[in-house]
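What follows is a structure written as structure tokens; I'll ask about it next.
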Amino acid sequence: MSEIGIALLGLGRAGSFHLASLRSLPGARLRQVYDPDAAKAERVARETGCHRARDAKQAVTAAGVDAVVIATPTLTHHGLVLAALEAGRPVLSEKPLGVRPEEIDQCFERAREEGVPLLVAFQRRFDPSFAAVLEAAHAGEMGQLQFIRSVSRDNPVPGIDYIRTSCGIFHDCAVHDLDMVCQIAEAAPEEVFAFASSFIPEIGAVGDVDNVAIALRFPGGLLATIDVNRKSAYGYDQRLEVFGSGGMLQVENRPRTLAVRASEAGIARPPADHSFPTRYRDAYRAELECFLDCVRGKRAVPITHEQVRRSHAVAEAAERSFREGRPLAPDV
Amino acid sequence: MSEIGIALLGLGRAGSFHLASLRSLPGARLRQVYDPDAAKAERVARETGCHRARDAKQAVTAAGVDAVVIATPTLTHHGLVLAALEAGRPVLSEKPLGVRPEEIDQCFERAREEGVPLLVAFQRRFDPSFAAVLEAAHAGEMGQLQFIRSVSRDNPVPGIDYIRTSCGIFHDCAVHDLDMVCQIAEAAPEEVFAFASSFIPEIGAVGDVDNVAIALRFPGGLLATIDVNRKSAYGYDQRLEVFGSGGMLQVENRPRTLAVRASEAGIARPPADHSFPTRYRDAYRAELECFLDCVRGKRAVPITHEQVRRSHAVAEAAERSFREGRPLAPDV
Amino acid sequence: MSEIGIALLGLGRAGSFHLASLRSLPGARLRQVYDPDAAKAERVARETGCHRARDAKQAVTAAGVDAVVIATPTLTHHGLVLAALEAGRPVLSEKPLGVRPEEIDQCFERAREEGVPLLVAFQRRFDPSFAAVLEAAHAGEMGQLQFIRSVSRDNPVPGIDYIRTSCGIFHDCAVHDLDMVCQIAEAAPEEVFAFASSFIPEIGAVGDVDNVAIALRFPGGLLATIDVNRKSAYGYDQRLEVFGSGGMLQVENRPRTLAVRASEAGIARPPADHSFPTRYRDAYRAELECFLDCVRGKRAVPITHEQVRRSHAVAEAAERSFREGRPLAPDV
Amino acid sequence: MSEIGIALLGLGRAGSFHLASLRSLPGARLRQVYDPDAAKAERVARETGCHRARDAKQAVTAAGVDAVVIATPTLTHHGLVLAALEAGRPVLSEKPLGVRPEEIDQCFERAREEGVPLLVAFQRRFDPSFAAVLEAAHAGEMGQLQFIRSVSRDNPVPGIDYIRTSCGIFHDCAVHDLDMVCQIAEAAPEEVFAFASSFIPEIGAVGDVDNVAIALRFPGGLLATIDVNRKSAYGYDQRLEVFGSGGMLQVENRPRTLAVRASEAGIARPPADHSFPTRYRDAYRAELECFLDCVRGKRAVPITHEQVRRSHAVAEAAERSFREGRPLAPDV
């Protein structure tokens, strides 16, 4: 099994845990690293014994690069994904592939033409707990599905510079819940309705919201609610509940440690994992392993064009429902 | 402290746990009992040493009766409440007081005129766990409230005869969640939206639904979702979640016993309490104690006319939102 | 089914919850009540409409008394049990029946001679959680049993007057754990070893200890440990763990309410139930129901002479092991 | 911060997770790897770009090696530790350093003479959950300590070849519990008593036991129990309980995933982590990071000669107590 040479673009929030996974994964070798912060990139290059690229496109086309991992700011994804695909390189990219559905289509079509895998990083799919619930739901363990609830509460609040170019909470956060809910439902919703509000003045000031409630109606009567918030005091909160005629499946939060304190004041466990790098450590690693398998042709890309487009369309419908104050059918 | 003589009307689901509380509460004495099933009423009268009334109105006006507990079928509440109030007797009644808001108003106005307490049995308010969360939320323990979720899943499914005269799931079940959510919010919602569906053919056949998702928007940006289902395989499921800037309050379910089984198959606890008589045993008792205190003038009725009317109006708006497919402002 | 007339002796810690059960149990009627505190007994007699006996023996032999419940101070049990049995009355007595094993034997022999049931109140046996674990263990759910751990931590600390006449922590507290452990093992241990110490000066001052660790070895290699403490800050702590080749059974504590608080400080549940009257409310009631069934001849006494004697002998061996600093074989 | 060159001896159970940590830790570089299985060592050498040593002592003294990690079979530890120390190389070694206390002393004395750090791998000390409890106990969060319970149940059962040279369950397993208990107590016990038995015929056949209960008495009246078993059906079970006048600290097990299944059969979570490599992943990494800090002189070795000797002596006393059937004072 030969080593796959990787170009890693972006060393920010997402880039740094991809870096950690790449350091420890046998079968992958970091060849090129790029970040606009040259000093940071230089340091990483030195520590890992790889090359620092002067610009992202150069990294993508460099010799020895077999595949590309894209973790740059949201609005640069589309161009870099296309550049990598055009160079015939398989791509693992943070979502979204673009701000309009046509951009998503364009990427997947180009991947198809080039015959190379394109994996969009809906990391929750690779989390062992979410994956177990998804599998159990599809295996019929809880009978006929009737209701789903997904909740995502962020911690800590991302910086306002990130928020500003994040495409809004519906596309930046809720899309992960929508992807999971639609995946469990194996369908797009027929109707979506959303309420939203802002409690964090900086976020309200840039026209975004930070508190969202979404209701969904799927074919056959399956209903769902999603609630998303940008700031959870007790740690990163990522829960799921799937209710059916036979019972309920849930994903719980993981406390930061396994220590318990019992006193007159009560029985206290630590707050949830601080944030996504620790909560999804295993998921990010599994995602990267999946990507390597896709590059080697040992596995088909598990997150399809249709699914990525569906999640985008439902997020779009939810946001428009909130803006227009009425239920909408997503354009899938 | 003299004993309060009680007339208990109805010995069905609700009546039987009121009976159990009455047996063990010092300060109350059962004087009259009525149920259309004369044999059942006779048996209870014999066991408790009280009198079996031949009809409900006779029980209400009998000598020695200081207060009336009404647990008869839904559609009879209104008439019996009025009859008892007109006889100058304090009333504890299962909800609803009537099917139209005017009927609720009429009861409370009559109670005011007669100067006697009228307590509507929203028993969740008296449950130690719900009460603790309500109190902590109002005390500001979790900072500014941003999101509430309430879930009620029934077990077992009530008989179709009950369903038929229950006024529908919005007024029969969801109204408890709506009461709690509005109580925590200390407000009526500005807008309500609901999806609903039926998975139980018998329930669909009588025009009712058994699976409901409600979204609410309150003044100031507080949002809420409620989900209700008639049939929960793992036991009676009654949970609450109140999220604010400082953290989250929750009410969990209680497992049937404290036994745990750990094996290769996993770590298993028993399902939730089977149903409301065990889950709310302490709440029903506390409700009755509160009622006795109201009768003695030691305490004001904690569930006000305005609150009962508000819960009714929001349930009505939720049902109409579902029927009409659009968000509605409740008529409060 | 005719009502059973009950004489209740003692209205202290144990007597008061027997009183509460008796008020609500159909099938039993309180006829006589006795307590050295005449005013308290008078008040109870008035509230329940029964007769206050001037002395305990008079209560036992009074007309209308079909059975006797003994909840008086420890050192009076033996005499009162014998008096009731001699009067041909079935007895439910708090443990111990006496301070020496011969006294236990004497009581059971007298009960056998009189042909009336004698039930010793090891209430943990009637608790639904402990009973479920006991049943599962005997049903072989966890395969071959290898290790048992029982823990009992009291809250609040009983008054020093109680402690002084309690026969010591081994016979007063640990005997409940020993009864349960031997019952699960279906055997007496071959060897017992104990360490103990005192952290509460008042208890140490009367020659008792308040912190105990016991190790037991049963035939076939099953081992057990028991730890007992008089003062648990986080509430009454009563847990059990049964480990076998197929897994583990546990009894957990019950939090005071189902409310959860999640904040930056962690995820907090309330402390355990304050003490035995709430923790064992259902157990005490089930125990009394069992006793009524025994009185009616519908059920054999489930706690046998041999079992009561065994628990006493093992408690005795544990205490002596601690005093002598060496492992001992209990005299069973 | 220059990279520390590491020689890793042994690629078995312990060696493989040290390898995983070493791959991902910035600041360390694997230089030499040795295992009696030359093919395995060759493969690792190739994957990590390091040199395969032909024998262990050669690895230790090779150029570029700044520090040595020893994860070879138990009985080889002593010789290799001494060889590495004599070569002036800091050592991280799996326990035990030897089978007799003099061997432990010899290693630490040599380390002192050479002025190089020697860290014995009691990895539980580096686990965030155990460390949090240890710290809270010493900070007085639970007041005066009165009782400790530690439980370790293995899964899966190690192979009989491992068992045969493991020095017995007291020194191989219970020593971790004893280390933690004594560390919390900040003392050696005055007396130790143990029962033990065997339920796994292969283990009994080689003269070892697989089921152990130990009781300990510390100065001042603090008591402890430890129970250890070689085979836990529900996964690797590693719990701790520290009880004091102010409450209780606990370390719980971590379920394999965060998924929950609620059905008529109950509420089920997955079994505990399968075994030490996953349970202690973070601990092993933190241990290695600590070792690197010790090598760089940034931190003193946190596990002292006296502590290692104490744990050995108490394990020895526990085993002898079991063999001789009487309580013993450890030779510390």
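Letters A, B, C and D mark the chains as written, and numbering starts fresh at 1 in each.
We take it that a residue touches a chain if its C-beta (ideal position, glycine included) is under 8 Å from a C-beta of that chain, and two chains touch if they have at least 3 such contacts.
Small disclaimer: the values here were computed from a predicted structure and weren't measured.
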item	value
Interface with more contacting C-beta pairs, comparing B-D to B-C	B-C
Copies chain A and chain B touch via same or different residues, half shared test	same
Relative to chain C, chain with the most remote C-alpha centre	A
Chain centre separation (chain A, chain B; CA means) in Å	42
Geometric centre distance via CA averages, chain D-chain B, whole Å	56
For chain B paired with chain C, centre-to-centre distance based on mean C-alpha positions, whole Å	38
Junction residues of chain C - those touching two or more other chains	142, 233-234, 246-248, 261-264, 270
Sites on chain C touched by chain B in the complex	20, 23-24, 26, 47, 128-129, 132-133, 136, 141-142, 246-254, 256-264, 270
Chain A residues touching chain B - in the complex, by the definition given at the top	142-144, 146-147, 149, 153, 191, 193-199, 211-217, 220-225, 227, 229, 231-234, 237, 243, 245-248, 325-327
Interface residues, chain D side, partner chain B - complex	233-234, 255, 261-272
